[in-house]
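Chain naming follows the written order as A, B, C and D, and within any one chain the residues start at number 1.
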Amino acid sequence: MTAEQAGADAGKKVVRPYGDTTGDGMVQVSFTLPVPHDKRAEGAAVQLANRMGIDPAMLVHAKPIGDGFTFFVVYGRVNHLVDLAAVQVVERDFPLLSAKEVNALVKQRLRRKLSVVGACIGTDAHTVGIDAILNVKGIAGEKGLEYYRELKVTNLGAQVSVPELVEAARVEKADAVLVSQVVTQRDAHLHNTREMSAAFREAMPAGKRPLLIVGGPRFDEAMTDELGVDRIFGRGTTPGEVASYLVHALVTDRKAK
Amino acid sequence: MTAEQAGADAGKKVVRPYGDTTGDGMVQVSFTLPVPHDKRAEGAAVQLANRMGIDPAMLVHAKPIGDGFTFFVVYGRVNHLVDLAAVQVVERDFPLLSAKEVNALVKQRLRRKLSVVGACIGTDAHTVGIDAILNVKGIAGEKGLEYYRELKVTNLGAQVSVPELVEAARVEKADAVLVSQVVTQRDAHLHNTREMSAAFREAMPAGKRPLLIVGGPRFDEAMTDELGVDRIFGRGTTPGEVASYLVHALVTDRKAK
Amino acid sequence: MLRLAGVSGADPDGIPWVNRLVDAVVAEVGLGHGVALPVFDALAREGMTDVTLLAQKAAAGSVRFAVPSGRAATAARKAARQSVGAGIRRIDRRRVERDRLVKRFGDPKQRPWIYLIVATGDIYEDIPQAQAAARAGADVIAVIRSTGQSLLDYVPEGATREGFAGTYATQENFRLMRAALDQSSKELGRYVRLTNYASGLCMPEMAALAGLERLDMMLNDSMYGILFRDINPIRTFVDQRFSRQVHARAGIIINTGEDNYLTTADAVDEAHTVTVSQLLNEYFAHEAGLADAQLGLGHAFEINPEVPESFRLELAHALLARELFPDAPLKWMPPTKHMTGDVFRGNLLDGFFNLVGTMTGQGILLVGMMTEAVVTPWLSDRDIALQNVRYVLNAAGGLHEDFVPAPGGFIQQRANRVLSEAVDLLERIGDQSLLTAIAEGTFGIMKRPADRGKGLAGVAAHEDGYFNPATEILEAPGVRGMSERVPQSRPEEVQP
Amino acid sequence: MLRLAGVSGADPDGIPWVNRLVDAVVAEVGLGHGVALPVFDALAREGMTDVTLLAQKAAAGSVRFAVPSGRAATAARKAARQSVGAGIRRIDRRRVERDRLVKRFGDPKQRPWIYLIVATGDIYEDIPQAQAAARAGADVIAVIRSTGQSLLDYVPEGATREGFAGTYATQENFRLMRAALDQSSKELGRYVRLTNYASGLCMPEMAALAGLERLDMMLNDSMYGILFRDINPIRTFVDQRFSRQVHARAGIIINTGEDNYLTTADAVDEAHTVTVSQLLNEYFAHEAGLADAQLGLGHAFEINPEVPESFRLELAHALLARELFPDAPLKWMPPTKHMTGDVFRGNLLDGFFNLVGTMTGQGILLVGMMTEAVVTPWLSDRDIALQNVRYVLNAAGGLHEDFVPAPGGFIQQRANRVLSEAVDLLERIGDQSLLTAIAEGTFGIMKRPADRGKGLAGVAAHEDGYFNPATEILEAPGVRGMSERVPQSRPEEVQP
């Protein structure tokens, strides 16, 4: 289903937030301002809420934190409309295949095992996400890529440096490189991903480069171009989606790459 | 202290919300959209957050409610600045007096008891707030206005109609009328206050009209003109503040009215 | 009573014909004999059968009323009995219907039942919200009515889309919501109950309409109207009796309002007034024919959370109620007074409230909302609140097995103290009278003298020959017995 | 060891002189004899006294190293003992100082102690946040270090303002934070403790720096580095022993890392691995001279909240740990794995976590954050979380009196089952060896063979004549006795 169809299906294009009545536009906001608690601070909080488009803004809670900070909770009506037609979503633009179908397609069309190299790069040591995708155990009742007979999976684990990753991709003749990034403080995930894609661009000519895929719970899936990767997977990804995408991008629709 | 002084005191004029680093601008938002949960709905939530000035917006939680609604939690950096110098606050512009001082000033200057009539008007039956201000018991360790020897308090209680209130004000020769409004759904408090001030304007000539005061936890104290009242008191008002204001407006600074 | 006789509809100004009729009767012959005799006498004289038509004529001033005597009186009494009896049979049928549906769809699996409010102020917004709530786990839906309704001396007509903090309770709104919840019950395989208010100046009418539209529970307190709506005490005691007789007949569970006291009085200092009120509500309820299983006696988690050991004090109070009324489906009310705009803290407090509910085996749990101090509940508030309840009941539903108040310890001592304060207060009330106690501000620190309050005009002493066919039927022997036999509304116990 | 001898500072690239010196020694004579003999021999030969200066010269390539023998060796040993002994005396002085300050400012009034993390990635943001947290009730502040630090083979230098999800652990950062918290302790009249990590490739150095800068607790686990950082198992076991000897001497409470297992393994299925690890940590700790009061053994509230009776299962596990280690200040860790972006639910779960903490008498409570699944904690998250803890401890602090697991009931059965599974596993480990068990993925379902992992290059067998003055001093008789005598760091028990 494309975004347009989805919009049409819903039968309406413009909506507002819903508190308890259609169109009431109600939202909840909380934040801290670096000012001591007094009336002026409360006024400042209302000002911020107004700038966010909340009007009238009900300041319902203000609590001093330490010396120079105040925490606020604001409720109110936001004036923005949400235009569903303008929503840009990375919809799944490839068919979801079963493990059997994935294996069959790789075997028939590629005629060799598809090589996948995975890692958590940088100083990130959160392997649970990439393991969920790669290890046999899988997640949410789906087996991971290791379970697919026609995929050859090399999982490098955590805290892999970018040069190590590039080298492993070369050695394993990787068709695809799967990188996980979970720590996002100070945009660590973005920095690391950019460093990774730059390294591959530098190390290999365009045609020889493996498909670059990153995943993690806080990515914006629309940022592929900005990050120089082929695809981004977010919260709640399942191995089946990843396998289907691999087949789509590397086997059935090579130009997609 | 005026708003300007306060701004100067803080030594800085422009601030941003504070997550864990100065200037990071981080806020938390939650709302429901009247759309079923899917990727498009998540995109719509991010769109709304963006319109509120949050960019990048991290959609961290999405949960379907019933058939056609989805609840979202978004975190992110808001781009607005808060200009402390532009904050408009109703600062207390009268001195805070003790009960003794209030009594003394009324006795010396007014030379009669000051008559106060209070009520919850409309269908509002939340009397705890107005009772806190009027009854001897008071609130937060302060006695209510009944405790002041030189004030004559008539508390009409709950669900008083506007005509009843105007009549009582006339009978009691009210110097001030104190009205409480706690229910705010569909702006009940604003409607009722406007109805009340209009009735007083109609029933009495400007010079004879009692001072009109409303209070309640969800009022915006800056709306006096819009509502046609002399003063608005919000969350956490104490009887002493109200008594001091009465003396200021009716005794020591009559023109203030 | 006239509602049971089938009077319905309203004049062009929205005043129901019932009220126009009563006004006409009272204007001519007063209230002392009841309205049944004059009305059915006039009906016979006019050669009519439809009481609503009579009301319309009376409103137009074209009917005369008198208190009949002799044969005319006997005939009027008979007609009245027949007409009202038909209404009561309709209520009986709705009760059988409920029992059938409960049997088909089933009761909630867990105790306490999960009770949720909707309060959008528009019946057509309330309906989807109620259905969403049911789907998310609510067992009972309470539709909140508009702030002003309790002081209206009539019941508005038709579907309504207005009101503050709730929309009006009307027969049509009852019908619409009950139908919607029947649909949800079917979908969910669990009978979803519906609640409204038999409270305020129209307490008896509300009770009748609830019975007619198969509502399942009603807020109905013997003193709430007096204390919180300043309604005349005598009127309230009379009305609550009649309304409870109707509830008894309809198999409706009443919810009493002790929680309200703790919003104005301190929950620690005045804990015993809750106990006393529960005992009074129980007494009046039994007297009106309600069975223990119909007594949703109220109490609440309203202790200031800053008080040391507040959670254990709540446990003590909740256990005391549980032990005093072992067969009543106690209604456990969430924190409201000490809720603030800090919604994160609010949701936490609600969780601990839920925990007390499950640890002490409460019957009905009114779900607390994190936005209690902010707005009437949003759709999402309700969802978050239900998730909270589900977590607590699922994760700690069996904790009561391991909860054994230390003998002679803090909890037992506290419960004993509240009980003995309650006994003292009851003795003091016994020495004076309940009306005096109320006048002196014993409950919810509200002072309400017996000769004051709203609706006083509607209070009249019975005169000789006073006749109310509804009370007569409801008080007939056997009926009381019936309600005694329906403690759990189990289908097999229903009278044929 | 060289840190204790006073080597400090770093080269222009930020590599500490300590590391340059060790590298130089290893390049010439290997690691088998320890570095003390070659270094102090060279020092004598160069006629120097300052080891840092020697390191600088060595880095420049202008010093030769050899393993001395005969008189030169005796002299080097003596000099080394003196120099390192001075460092250890500095640690002793910091310990006495702590005891004095605890006596002056006092310990927290309540158990569990409230333990809070700061993790801004900038020491100068961390400081005010830590102070705000202390003011809001935190008893222990843990400064989280940057993600990459555990795999650095050196300790960075100076105050740092960078890092992801925390800033670096450096001696200067330790000093700055300890000074700030001393100020807070004074202001608050309560000694606020400071925590960091003795973990990763620099475990022993961290321990030494912590002792020198009067940190009060350190995360220090016998297996964490192996399982979660893929550090060579043998290196880890060696390093943890030395670091624990230093902690024992410094009066530092260690925090073990069993909570981590439950982030990768299931908290119900693998509950017994936590128990086994606690027993191992206890064994290794005693072996290194730590007293029971220094054993902050870890465990966590990580059962999927959807599991029926999950709360009671948590109670069972927490009680088991409490009863197995009655004298240890157990460290109770909050939910992380099943936290989601639903911050309202998150705060609720944290409340029930806090409740288990107080009901089962845990020693140290790491405060859970509602934003666990979202960001490293914000200032406001910490405030909300502390408010949560305060509510629970204040409202239900005495509930343990009324909590009596039903004999033979759900909780007891569960605890028994976990214990017997733990015993079985220990027997299996006894049959093979701990290194084999680790290699096979017994803990946290991570497989870690003994001949793999990071830092393997730093592992060398002791050769004849191996000499480490620090271990010698720390293992000297009497010292062990001392740490046994300081179960609660009570001032009067301190050795002069």
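Keep in mind that, in the parts below, a contact is a pair of C-beta atoms (placed from the backbone, for glycine too) under 8 Å apart; a residue touches a chain by one contact, two chains touch by 3 or more.
Treat the numbers as computed from the prediction; the structure is a model and nothing was measured.
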For chain D, the least number of touch steps when starting out from chain B | 1
Computed over C-alpha atoms, the centroid farthest from that of chain C is that of chain D
Between A-C and B-C, the pair joined by more C-beta contacts = B-C
Just curious, how far off is chain B from chain A if you go by their C-alpha centres, in Å?
-> 43
Centroid distance [mean C-alpha coordinates] between chain D and chain A, Å | 34
When centres are defined as mean Cα positions, the distance from chain A to chain C in whole Å is 51
Mark out which residues of chain D touch at least two other chains, giving numbers and ranges.
-> 119, 121, 342-343, 373, 375-376, 378-380, 384
For chain B, residues that touch 2 or more chains besides their own | 18-19, 22, 26, 28, 30-32, 58, 60, 63, 69, 184
Graph of touching chains, which shape: line, ring, star, complete, other?
-> complete
So, in the complex, the side of chain D touching chain C is made of residues 305-312, 315, 342-345, 347-349, 351-352, 355, 370, 384, 387-388, 391-392, 394-399, 401-406, 409-411
List of chain B residues in touch with chain C within their complex | 30-32, 63, 65-67, 69, 71, 122-125, 128, 157-159, 183-186, 188, 217
Enumerate the contact residues on chain A facing chain C in the complex.
-> 18-22, 26, 28, 58-61, 63, 73, 75
Within the complex, which stretch of chain B touches chain A?
-> 3, 6-7, 10, 15-19, 22, 26-36, 38-40, 42-44, 46-48, 51-54, 56, 58, 60, 69, 78, 80, 82-84, 86-91, 184, 218, 220
Sites on chain D touched by chain A in the complex | 119, 121, 128, 131-132, 135-136, 146-148, 151, 164-165, 228-230, 263-264, 373, 375-376, 378-380, 383-384
